[in-house]
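There are structures below to look over.
Consider the two complexes below, in which chain A is the common component and chain B and chain C are the respective partners.
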Partner chain A sequence: MESYIVSNWVVGLLLAGGAGLAWLVRRSRMWSQAFRDIWRRRRLALGLVALYVVVALLDSVAWVGGVHPGEDAVAKHQARSVIDRFFADSQERSYSAPLAETEFYGGSALRKPGSHLLGTDLIGRDVLYLSLKGARVALLIGGLTSLLAIPLALLFGVPAGYFGGRLDDVVFFVMSTLASMPGLLLLIALIMVLGKSTLAICFALAITGWVGFCRVSRGETLKLRELEYVSAARALGVSEARILVRHIVPNLMHLVIITFVLMFSGLVLSEAILSWLGIGVDGSWGQMIDQARNELSRDPVVWWNVSAAGVALFGLILAVNFVGDALRDALDPRTAREAE
Partner chain B sequence: MLAYLIRRLAYGVGVVFGVLFFLFVLFFTVTSPDDVARKALGERVPPAVVEQWKINHGYDRQLFPGPGAWQENMLFEHYRRMLTFDFGRSDADDTPIADRIRSGMMPSLTLTLPLFVLSLLAAIPLALLVAFFRETYIDRLGVVISVLAMSVSILLYIIGAQYLVGRLLHWFPISGFDSDPQLIVRFLALPLLVGVLAGVGGDVRFYRTVFLEESNTDYVRTARAKGCGEGRIMVRHVFRNSLIPLLTRVILAIPFLFMGSLLLESFFGIPGLGAITVDAIQGNDFSVLRTMVYIGSLLFVFGQIITDFSYGLVDPRVRLE
Partner chain C sequence: MSRSPGEPLLQVEGLRTWFPIKRGLLQRTTGHVQAVTDVDLEIAPASTLALVGESGCGKTTVGRSILRLTPAQAGRVSFEGVDLMKLSEAKLRGYRRHIQIIFQDPMASLNPRMRVRDSVAEGMRSFGIGRDEADRTERVKALFGKVQLDPGHIWRYPHEFSGGQRQRICIARALAVEPRLIVCDEAVSALDVSIQAQILNLLSDLQRDLGIAYLFITHDLGVVRYLADRVAVMYLGRIVEAGTTEQIFSRPRHPYTRALLAAAPSMDPDIRGEAPPVVGDVPSPSDPPSGCPFHPRCPEAMEQCERELPPVRQDAEGRVVCFLDSVVAPGAAESADPTGGEEFA
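Presenting the complex of A and B:
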């Protein structure tokens, strides 16, 4: 199947999942309370995150056809996303400053003078367009990595904490082994060995990030299994598997979500470092920064490229950090008590 | 105490063996020595050359122990070399890895040691200050600034500092290194500044949480009821009782000082271990990378054991059994 069809399906699933989640949040008192709390305290940050998500989704819905008459045969069969179509005719020949009328070096006339809000890069691509496309890459990195890491961590961490014994020893040993390798070096080693595809990079990030999730879910399960309602379930003859699925895992979810949001910014920042080392994901902000870093030594200086990518990256990380903090305050009973 | 030490050391050795096994799986089975040879020599060399390269680098044995040959295989050889610190030669340019590590250690330490001390000197007083003014605008402002500082990618700090301080203001050289003690300060100033800036936000936030948790305890309330001043409470009661979480973070950072800083070193042209690692990444030098991961985890395991024992020093209630 073409990759754009997969992408469209994923968008559909995400929208359905989001609607389902919203319904669940409305039904549960704890979650809707938490959401109201965050909305009250961090409206701006939440809105900013939503904006990034919308841009990423718009860039994920793609279809073939409907291109401009002037384009070649290859372009006619390429799938283009909504964002692509919006900037379909924005290609220039080389650098131009934001809103400039002429090219930056040489001063020959632009094809579309004054239309490039953030200027164009070395090979004439619109910088605003590239920055918007980076949102999809960043969210893909964070999302796909968590999708790999969270189920894996629950699969190992929860039984380890619940059953203890040999199983716990083994899981704990694997966790300490992985944790003892320096994070960035382990990440690099994994990517160099597995290859440099997006999936391989997310897999490597998941292996390094997995330990944090696993530790949280194991530790919390250790506490939960001693609680009365678990004993009550056991006394009623509920099977172990059912106790895990119905009574332990749902009560871990708030911690998993807090860990996810707090880890998300770390993942995107790690990808920027990887990009700089030459092993990042194509089209990410990290790669834009990497490509732009020599431009500051040009004369006159080309500043808009690195600034645009930097601000886009900063905005997402900042918003996610604020939302993460608010989420932790709203959901974590330990900090909630402190705030009162 | 002694029994605890022995048990702790045994577990540490176990973890190091686990790390070595993980590295073996990664670097010998997921990528085979043939892949590494092809990467070093190029795709189109004849098989005989590849075989010779494998013999020269000691990759010519079978991977796993077979019947009657428990020593003549790569798995045993991998453990033997790593555990005896016989790292062999680089896959990319045949220089001995041990020499490189020896030459990179000093430049790394000249950067990371001052960075470590400066970061602590900046972060802990700031965190104490912010915690002192808890629930006021100073506290809230401190937290917001910390989050702002944390949200900037370290790449942007580096690029920004090189541009602003190095190029526009011409205060310091943009990059380079010299072991002459008079020049070294000028070369290290910029990386140190960037390192402290990039780390201080997260540090302040972490230490603040630790201090706040401690200031909600009963003995702090008692001290306040006795009429003890707020400043004295922060330093004498809160700070001293926060030493355990502080030590966990601080001591675990010490071993990594030897590893240098990947980004700072290669951006600022400091020929330390971090820069060597970056070169290894760019040159597909698997043996150097493998060795660096191993040394890093060795240092980490060592640091963890020291941390466990330091708990007993700062908190007499802790009994090591």
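Presenting the complex of A and C:
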């Protein structure tokens, strides 16, 4: 199947999942209370995160054809997203400053003077367009990696904490071994082995990133398994598997959500570092910043490219962290009222 | 499957639960916390045995060991003649239905993420009680009626109930699998006095109606007097005296029992301050004193108490482990083996 069809399906599933989640949040008193709390305190951050998500989704819905009548054969068969189509006609020849009428070097006239809100880059691509496209990459890196790392951490951490003994020893050994290697070197090695695709990079980040949460979930499970409702369930003959699924994991969910948010912003930053080393994902903000190394040494300085990417990155991380902070306050039983 | 009429429902013999203390790089066992040592108990059907003692004396561990929630090192726990300690995990599951437990902290005894209907129905589900989920819902409603809760509240979450109500839910959860014995581990200690009385009345009503036996673990002697048929007094992991409630309260034989009764607040000035209060703290269960465990604090300790464990004296009144008593009535004492006799498990 063409990759853009997969991507369209993913968008559909995400929307359905989001609608389902919203329904669940509305139904649960605890979650709707938490949501109201966050909305009251952090509506700007929440709105900003939502904006990024919308941009990323718009960039993920793609279809073939229907751009201009006079295109070449290759372009005709290329799938283009909503964002691509919006900026289809924005190609220039080289650098131009934000809202400039002429090219930055040489001063020849632009094809569409004054229309590039954030200017254009070395090969004449609109910087606003590139920045918007970066949102999809960032959310993909952060989201997909967390979706790999968190279940992995729960899969090892929860049984290790609950059953203890040999299993715990083995899990702890694996965790300590992974944690003792320098993270960046391990990442580079993994990416060299797995290849440089987006998926491979997500996988590599997940391998290096699950240990922290595994340790947290193991510790929390150690605490939960001594609680009296777990003892009561054992006295009622409930199987170990069911105790894990019904009594332990649901009571780890607030940690899962907080970890997801914090891990997410950490991962987006890690990708920027990888791009700086030249092994990042194509089209990411990290890559735009990486290119700025040359641009900042030009005279006069080309500043809009790196600024746009930096602000986009900064905005996402800051907003996600604010939301995560509020979420933790809303979900932590110590700060929450009786709304447990 | 009840057998001869005089047979106890639950008989505990020589129960020993020691927790290893591991130290160092190789996690070598350097000692044990001797939580429970050579405990013998008997509970007749539809009766209440109270297990009393100070905090940290091992009462709770006895309860948990009987249910095998905490593994015991040695001893027999026979329920209707079957030794639960020797059963495989799978076989034990069938017996779990007959013995249930209610805990002290009603806030920690219910999963905050589960509707109380699901918490109560969980045991029914695991033992296949009830035809389907709808039938179980009806049963939960009936149980809510039985423990004097509003059956309309079964779909709520635990945080929507008060402490006393949660304790009723825990009782309903235990009753759901129709047990023969319920271990009540400090079941009313965390509640207000007025709520305590309601729960105690509920428990004794249930005993009358359903013929359930209780092992009532508590430090509150007022509760014991109200509810128990028999009492066992525990000190530092051992039973020091056991007898009928009437005997323990009116003619305590062990110095520790006397001290415990004297320490309990009383409304009657004549009862106050008869026995000298016990001084000092409970010794560490990881390094218990030689001989009688109570001798460092005993107002009547003799030289002999320091050297050897007193013999168990069993008579019509009950059982007491003290040299003092055997001096009073010599000859009747049987010898006690300080190592705990036969070892199982």
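Note that the second predicted complex is superposed on the first by the 333 of 340 C-alpha atoms of A that agree within 3 Å, B and C clash if a C-alpha of one lies under 4 Å from a C-alpha of the other, contacts with A are read in each partner's own complex, and residues count from 1 in each chain.
Basically, a contact is a pair of C-beta atoms (placed from the backbone, for glycine too) under 8 Å apart; a residue touches a chain by one contact, two chains touch by 3 or more.
Fair warning: this is a prediction, and the values are worked out from it, not measured in the lab.
A count of residues in chain A touched by chain B and by chain C gives the higher number to B. Legend: residue contacts after superposition of the two complexes on their common chain; A:296 is shown touching chain B, with no touch to chain C. Looking at the shared chain after the overlay, A:108 reaches neither chain B nor chain C. Applying the stated contact rule after C-alpha superposition, one finds that A:3 touches neither chain B nor chain C. In the superposed model, A:325 lies in contact with chain B only, and not with chain C. In the superposition on chain A, A:231 makes contact with chain C only, while chain B stays out of contact range.
In the superposed model, A:276 makes contact with chain B only, not with chain C. Comparing which residues of chain A touch chain B with which touch chain C, the overlap comprises 338. Chain contact summary for the complex, chain A toward chain C: residues 29, 227-229, 231-239, 242, 246-247, 250-251, 253, 338-340. Those residues of chain B whose C-beta lies close enough to touch chain A in the complex are 14-16, 18-19, 22-23, 26-27, 30-31, 147-148, 150-156, 159, 162-163, 167, 212-213, 216, 256, 259, 262-263, 277-278, 281-282, 284, 286, 289-290, 292-293, 296-297, 300-301, 304. In the complex of the two chains, the chain C residues touching chain A come out as 64, 67, 69, 93-94, 96-97, 99-101, 103-105, 108-114, 119, 122-123, 126-127, 157, 159, 170, 173, 177.
Those residues of chain A that touch chain B in the shared complex are 173-174, 176-182, 184-186, 188-190, 192-194, 265, 269, 272-273, 276-279, 286, 289-290, 293, 296-297, 306, 310, 313-314, 317-318, 321-322, 325, 338.
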